[in-house]
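Look for chain A in each of the two complexes below; its partner is chain B in the first and chain C in the second.
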Partner chain A sequence: MDNTINRRDFIKATTATTAGVATLGAGITLTTYVNANENPVTNEKRWGMLVDTNQLTESDIDGMVSACQKEHGWGDEIHSTGDQKAGWIKKVKVKDTATQRISNLALMCQHCDEPPCVDVCPTNASMKREDGIVLVDKHLCIGCRYCMMACPYDARSFVHEDLTDQKEHMPRGKGTVESCTMCVHKVDKGEQPACVSSVKSDAVIFGDLYDATSKINQTLKKVQSTQIRADLNLNTGVRYSGI
Partner chain B sequence: MNRWMVLLLSLMVTSVFAHGHSEHTLGTEADSIKSSDKTYHQSISMIRKMHPEFLNHKRDKTLRQGVRTEEYSLSGCVTCHASKKDQSNDYHAIDASEQFCSDCHQKVAVTVDCFSCHRTTPAEGVK
Partner chain C sequence: MSIIRYEQTQGKSLGFYALIAGLGAFILAALGSVYFMEHSGHHVTGMSNRIVWGLPHVFALFLIVAASGALNIASIASVFNKKIYKPLSRLSGLVALALLAGGLMVLVLDLGRPDRLIIAMTEYNFESIFAWNIILYNGFFLIVGVYLWMMFERRMNKYSRKVGIAAFTWRLILTTGTGSIFGFLVARQAYDAVIMAPMFVVMSFAFGLAFFVLVLMASYKWTERPLGDAIVNRLSNLLGVFVAAVMYFVAVYHLGNLYLAENSAVENFILVDGGIYTQLFWYVQIILGGLVPLALLYSPMTKGNRSMLGLASVLVIIGGLAQLYVIIIGGQAYPLELFPGKEILAGYGGIASYVPTVPELMLGLGGMAVALIAIAYLVKFLPFLPESLADDVANPHHKG
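And then the complex of A and B:
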């Protein structure tokens, strides 16, 4: 087989591919609406989550953590110790010093509208998708960990060791930073994040913050909710009620 | 003397061709596509030459724009081109020596860095 491609062949083949896509596109217009994965995401949506700490039990939070571990395959690192361990989602206890009231919350990447991790990233690896999901592009990540320092929620972790047998949808590797992806691979398929579906009650709601018909939008209109460290004006995608 | 030269040269040529034995490491799924006389890639020479560009372009679209089509997805490469082990139903890692990726990459001494993060076998449950 001749391994070289001349320009003419390349153009011919590319045109053929384009034509193929166009014909295919006409045939599958219906599916395109259901599964919009062929089109780039837009800022007409903003994915968000509402955590109701009054309803959310401690075992719910443990379930969320293990659902996340199972979905993304973190938590089995052998050589990482203490602070080095991955923690995409954590159980955090908050205690009111006056009344001694304790609330438990699940804390993960808050998917800020103005994420500090994106501001500080020197390589543009830390990025926010148009629909508000904050991700690390590990192809570009050089492992400097500025973003971990910048994050007010301590939501990111660094992979300290060689890994094998990663999940197909979640590449992870030594020398890169990682955090909650809001299960972007599931969201793009129209599913719910793993932690949200692990909770049986309505304690955690996921949806499009902008969509007036969505459950999360309607609930946020009704109930008092807050953003953690709202004073930083980051406009987080993850909201909490009951704290 | 000339006879010896011819012999030496032909040995060298054979060894070069012997090295390009990509046939048996094509991958289990890809093998079955090939043996059923179907084609997956429009032009194999194009894929051979351009796959780094295709993959780089696709990864940015997937990660940054959420475009998750099958075309040029790395997991798609792995699903077809990973080979099953002879004894068990498990797969060889695609970047292992003598397997699909390393077959060429070793020869031309180009490091593949895809698989320090990406899964080297088809997704769990694919048998």
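And then the complex of A and C:
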């Protein structure tokens, strides 16, 4: 009988240790950019963005793109050509086929609640933080590019060449996939994403979608907004009004 | 039934060494290409952020799909108890493993970070069909390895049927998984179809058998062993059935897509005005890889002619590569439908361009060479091939 008890104890101990390690492991991944003591990442928040295409001018969008490039250091790849160049955020001009109305908008990772990139990633490199920000763990990415196949928004880029002079907060690596991080390094310090700060008007609002006192929450309650490819039911964190 | 005697090939002739040297040259070229692509980064390839999977994936998926199909011959013998195929079972298992090894080599060496393969083996996201495929591929190696052991080891022969059934089930799941890599991509107009999975299964039957027929005929011819018409003609008929089945699935897939208004534009692209993709679809996949082989296999003038069977098999392989090119690259070239009901004037859209480069081609061909060299070497060291497949040995009831 001793045997049984021993085995049971052993299983108990192993399970507890495994669970402990797993919890700790998950914690480390999820809080990659955060000082966990001061500012834990929880699902009580959902970071989001509202882009008002009625207010947003073409030069605003150009400003957003260059702010993102400056913040993260992409866009000056030397060897990559055409579609090989990184494009974390881009200016898209659309025309309604019925009304001929033209809108301009900034298109980047939509930070889906149900991100297809996270579903398909074989190694868990594509991940969603508890607060809704979708990221790529550059250490786990094997460069299979399945996430790029799965993304409905063409939001991801593959690094096609060696890079130098990278930003300290944004290591980029040849052979891995990258995309908009919603400036998680700034958000975790209580700041706004670089593209949002670059727009002087209220055309782009950033904030906690769940917080009833936040500007984004209150605006979304008032105005008609939409999600790109809402039909896919991905519940995006980036919303648009005016299209 | 007479006893089948298996024997290693001699592998000492000039021809053998010439074959090994030729295949070796292809493998070296592939490794050189990989070094070049990985060292420089993928900017030296034709791939981009729009065409993320290029020619290497065409070859890799072709080989992986063909691998599971090549196992069919063994399955027909053990699962469906057709005795005439039994002498071919060992070779069938070998060709399956060799093709899978070649395909996986290409797939892995085209990763952005092939050095991180260990991560793919240790970090699993069980929601990812890709992660499941990694398990399915590794499992295939294991299960077919055990299957071969059951066939080789006389004491274990009695288990070979059970393991054969397991291997057959596994390979069906594996190809379903491979097809589902595409079938689950909801945002891509060309892929989001459940029929992708069974279509890949049927494609595997045809591609794997075509490869198997070529390996069988070449190895018997080059080793001067007798190979009777009883077996060859059966394989020929089987190939015809599989090729026709693939064409049926292709027709259903496109007709089904045409019925949905949201997919009519992408169908129009592939079938009518897609340039290279339309040409590959009609001229290479349908005519050269489908109708011509069917004519060669069934027309009274060419039926039973081994050169024509060989030609038909080569055409099925070329047609299969074209089919995967159209699916994989054509499907990506067509833009995502970002704004239904709106026209994108600037910033995204249009047909993405892709021009494959020589290193990509060499990597793909290298995968095929790895499969062939593995087969050539292993039949030399282990008794995979019956010393005779003459009609009276293979099928004693055969009446000339």
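Methods note: the second predicted complex is superposed on the first by the 203 of 243 C-alpha atoms of A that agree within 3 Å, B and C clash if a C-alpha of one lies under 4 Å from a C-alpha of the other, contacts with A are read in each partner's own complex, and residues count from 1 in each chain.
Heads up, the rule we're going with is that a contact is a pair of C-beta atoms (placed from the backbone, for glycine too) under 8 Å apart; a residue touches a chain by one contact, two chains touch by 3 or more.
All figures in this text were calculated on a predicted structure; none of them were measured in a lab.
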{"item": "Chain B versus chain C as contact partner of A:168, first or second or both or neither", "value": "first"}
{"item": "Partner chain in contact with A:112 - chain B first, chain C second, else both or neither", "value": "neither"}
{"item": "Chain A residues touched by each partner, larger count belonging to chain B or chain C", "value": "C"}
{"item": "Which of chain B and chain C A:188 touches, first, second, both or neither", "value": "first"}
{"item": "Touched partner set for A:92, first chain B, second chain C, both or neither", "value": "second"}
{"item": "First, second, both or neither for A:41, with chain B first and chain C second", "value": "first"}
{"item": "First (chain B), second (chain C), both or neither touched by A:64", "value": "neither"}
{"item": "Partner chain(s) touched by A:176 [first = chain B, second = chain C, both, neither]", "value": "both"}
{"item": "Overlap of the chain B and chain C footprints on chain A, listed as residue numbers", "value": "162, 173-174, 176"}
{"item": "Partner chain B, residues of chain A touching it in the complex", "value": "1-5, 9-10, 13, 16-17, 37-41, 127, 129-131, 135, 137-139, 162-169, 171-174, 176, 184-185, 188-189"}
{"item": "Footprint of chain A on chain C - complex, ascending", "value": "38, 40-44, 47-53, 111-114, 116-117, 119-120, 123-125, 127-131, 134, 181, 184-188, 332, 336-348, 352-353"}
{"item": "Complex contact set, residues of chain A against chain C", "value": "77, 79-87, 90-98, 102, 107, 116, 118-125, 140-146, 148-154, 156-162, 173-177, 228-229, 231-232, 243"}
{"item": "Interfacial residue positions of chain B with respect to chain A in the complex", "value": "42-46, 48-50, 59-61, 63-69, 75, 116-124"}
